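Can you read through this structure? Questions will come right after.
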Amino acid sequence: MTTVEAPPRSRTARPPKPRPGPTRYVAAAVIAAITYWAASETTGIGLVPQLSEVFVDGLSERTGQIVSDIFNPAFEDAPATGGPFLETLSMAVLGTLMGCFLALLVAFGSSLVTAGGLKRYRFTKGLMSLLRSVPDVLWALLFVAAIGTGALSGVLALVLFNIGVVAKLLSETIDAVDTKALEAADAAGAGLVQRARVAVFPQVLPNYLSFSLYAFELNVRASAILGIVGAGGIGVLLNLARNQFRYDRVSLIVVEIFVFVFLTELVSIALRRRLVR
Amino acid sequence: MTVTTTPATRSTGERRPTKPRFVLGPVLLGVVVVAAAWAWGTAEIDLARLLRAPERLVRTFGLMFLPPDLAEFPRSFPAMMESVQMAWLGTVLAAVLSLPLSLLAAVNVSGRFGSGATRQVLNAIRAFPELVLVILIVTIFGLGPVTGTLALGLHSIGTLGKLSSESVEAIDKGPLEAVDAVGGTWLQKMRWGVLPQAMPEIMAFWLYRFEVNIRASAVLGVVGAGGIGALLVDYLNYKEFARAGMAFIVVVGVTLVVDTISSAVRRRIIAGAPGRTDEPDEVEDVGTDALA
Amino acid sequence: MITFSDASVTYPGGVKALQHVDLEIGDGQMIVIVGLSGAGKSTLVRAINGLVPLTGGEVTVDGRSVTKSSAKEMRAIRSDVGMIFQGFNLVNRTSVINNVLMGRLYETPTWRTLLGRYPAEDVNFAMECLERVEIVEKAWVRASNLSGGQQQRVGIARALAQRPTIILADEPVASLDPPTSHVVMRDLKRINRELGITVIVNLHFLDLARQYGDRLIGLRDGELVFDGTGDEADEEVFESIYGRSLTADDVLGEPAPGEVA
């Protein structure tokens, strides 16, 4: 067995500890500053005084009554909520179907892979950003103001909201698509729509279905409350109960919404899992 | 020269395969059609109204944006800032509280039972839309931005907790083993094994949630939680469309700006910028090492 | 001193990784464990610091029973037993010195470890450990920026930082190229000689095993089938440990740099 020769211990000097860069501290300072600005009484919302008011001084008697109402949902009124819930569900379904269909078009326009031209890409991408920056309830507000209360406004609001969400997700998937099939389509002389349909769509289809289900989940959640601004569905009842201070009814509807959303999620997650497989 | 062609049928008796039946497609289409028909009927969409809608929309949008009431800006902007503040504080609150919850909800940290239970709690929290939370919280904390903050924060704990726990579950367990092997405690395992690996992605989720919360907070004012929502509802109710248009532009503008900044910061975090390590990114090779 | 008394490990699912192993390892020895994949080498090594609990029998370290320890006692035992891993198991996003300081986790107050503020003497000692494996110039470099061999040396420094009586090495060179493998094995041997630390290494390279081990232990299907010196272990012995004739994969093949084969 050969003997193991140890090399001489090297005399490298210990390197000095480097000065920490400013990034960490700058970031921490910025965060602290923004938080202070947001929470203080003068520039912000006055978080601390209001919280301490409740926790230290306690609730007034009237509030106590309301809170206890909340913990006693008016289950006896449940049958009356059935109709509005169906309306909510139908709003979600229509919103998803139309929204996801349109989102397909927008998505194809927002990806360099399928847009067919920088101008179209930029325009569509800008449009998508704009759509995404408006919350669903805001759309509902707009539509109610423009065309009146009712489920139609709700559906249209959901459609626009959907396009924003699904188109973004889908366009990212399209960006990541395998380009080999596209090359083949181009080589065969396919037009813009044809190459999208033949080379891209099959690749993104599972994701598209998954995103659509996700959008449906979001829509169910959203449509339950769009009614608060008059756009139809169970939200209308919720708003009514709230204005009447019938918090036992508010609580009932909240529980129902919770169950509704929960069930939808379970189904959606199960379906999505099977899609990705 | 004659060209011989081989006959189409082979002597082995192979038949051409039949086209596989793609069942999913037609079924899916069927489901979609049925659902659409049912929904259309139930929602009682008035066709006449639907046809009139585009014209009315254009008219309203015209009143709102051509031109918007610029003098409205000094009132809309601070209101939007209040919405931003609500979103910020709500997100900070949720980030701090969701971190320990995410550890509890992660299978590789808390085992199957503990993580399962925590997961369900987080799902339950997530199921309440923010507006609903506001309606409930307003009974205790009254109208105003504090209620909105709490509603946003509470709801976000659910979402952030779930996403963060998925980040935690995706880490490499090698460093965790190393902490065990040197005799470290659970806390030390979290600090040196879990967090260094999971934090970049978790912080990106926090920023993304902030972006989402900005949108949500703009709307919460509709039920009295402060911010620009209340202004918008008033203007639309009283048909002051030009002012509403300005407010709308403010909302979209601020949202886009926040989005842009937030995305840039997120990209930097994921790329492993300095500040993610305890010592900063360091000096590369200072001379050659002992072994060639 | 490490003792195995009738030690057995059966994994859920029925795999018998260790079967009734009786073994005594005195202080200051350099042991190499050989055997096929799945023969139980990794299980044996990880049973010593309790990363794999026994399902039968007992293992003791310096008189303390690993099998019967509470969680707290286990941590105490582990703080005296260093370990290096095939995959290095470094915290990639932080500096080399912070990785080495992880060896001091048990001895340092928790609040200090959470903040990363170790006492100056610990930082000093960590530097010494890095000097011992000749990589101190990389102290402040991010761990993921090092090569495989350098990372493993950091792993060794981390183990040394524990001031251990025993160092375990689970396939420490399987991910490294031949020259680097020799360097790592040589470092382990040096630590064993100069510091008197018991070193137990898992290897599947038989030439490395013979070259660096004082005592070779052969496992086959979870059973101890050989226990002797490198000289006693010739090809026949290895073939009986492996249960098949040897292949080129079983040896590293290259001599250490500067040596003749």
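We just call them A, B and C in the order they show up, numbering each chain from 1.
Rule of thumb we're sticking to: contacts are C-beta pairs under 8 Å (C-beta built on N, C-alpha and C of every residue); 3 or more make two chains touch, one makes a residue touch a chain.
Being a predicted model, the structure only gives us computed values, none of them experimental.
Under the stated contact rule, the graph of chain-to-chain touches is complete, every pair of chains being in contact. At the centre of the protein atoms shown, by the Cα-centroid criterion, sits B. Set against one another, A-C and A-B show the most C-beta pairs in contact at A-B.
Seen from the Cα centre of chain A, the chain whose own Cα centre is farthest off is C. Separation between the centroids of chain B and chain C, computed from CA atoms only, is 45 Å. With each centre defined as the average position of its C-alpha atoms, the distance from chain A to chain C rounds to 49 Å.
Averaging Cα coordinates per chain places chain A and chain B 5 Å apart. Residues of chain C found to touch two or more other chains are 134, 137, 140. Residue positions of chain B with contacts to 2 or more other chains are 279, 281-283, 286-287, 290.
Among the residues of chain A, those touching two or more other chains are numbered 7, 10, 12, 15, 17-18. Against chain C, the residues of chain B that register as touching in their complex are 174-175, 177-185, 187-188, 191-193, 196-197, 272, 276-279, 281-284, 286-287, 289-292.
Against chain A, in their complex, chain B makes its touches with residues 32, 35-36, 38-46, 49-50, 52-53, 56-57, 59-61, 82, 84-86, 88-89, 92, 123-124, 127-129, 131-132, 135-136, 139-142, 144-146, 149, 215-216, 218-219, 222-223, 226, 229, 232-233, 236-237, 239, 241, 244, 248, 251-252, 255-256, 259, 273-275, 279-283, 286-287, 290.
Partner chain A is touched in their complex by these residues of chain C: 127, 131-132, 134, 136-137, 139-140, 186, 189-190, 210-212, 230-231, 255-256, 258-259. Contacts from chain C toward chain B in the complex involve residues 49, 51, 74-79, 81-83, 85, 87-95, 97-98, 102-103, 105-106, 110, 113-114, 116, 134-135, 137-138, 140-142, 145, 149-150, 158, 162, 179-180, 183.
Looking at the complex, you find that chain A touches chain B at residues 7, 10, 12, 15, 17-18, 20-21, 23-24, 27, 31, 34-35, 37-39, 44-47, 50-51, 54, 59, 63, 66-67, 70, 86-87, 89-91, 93-94, 97, 129-130, 133-138, 141-148, 150-152, 155-156, 221-222, 224-225, 228-229, 232, 238, 242, 247, 250, 254, 257-258, 261-262, 265.
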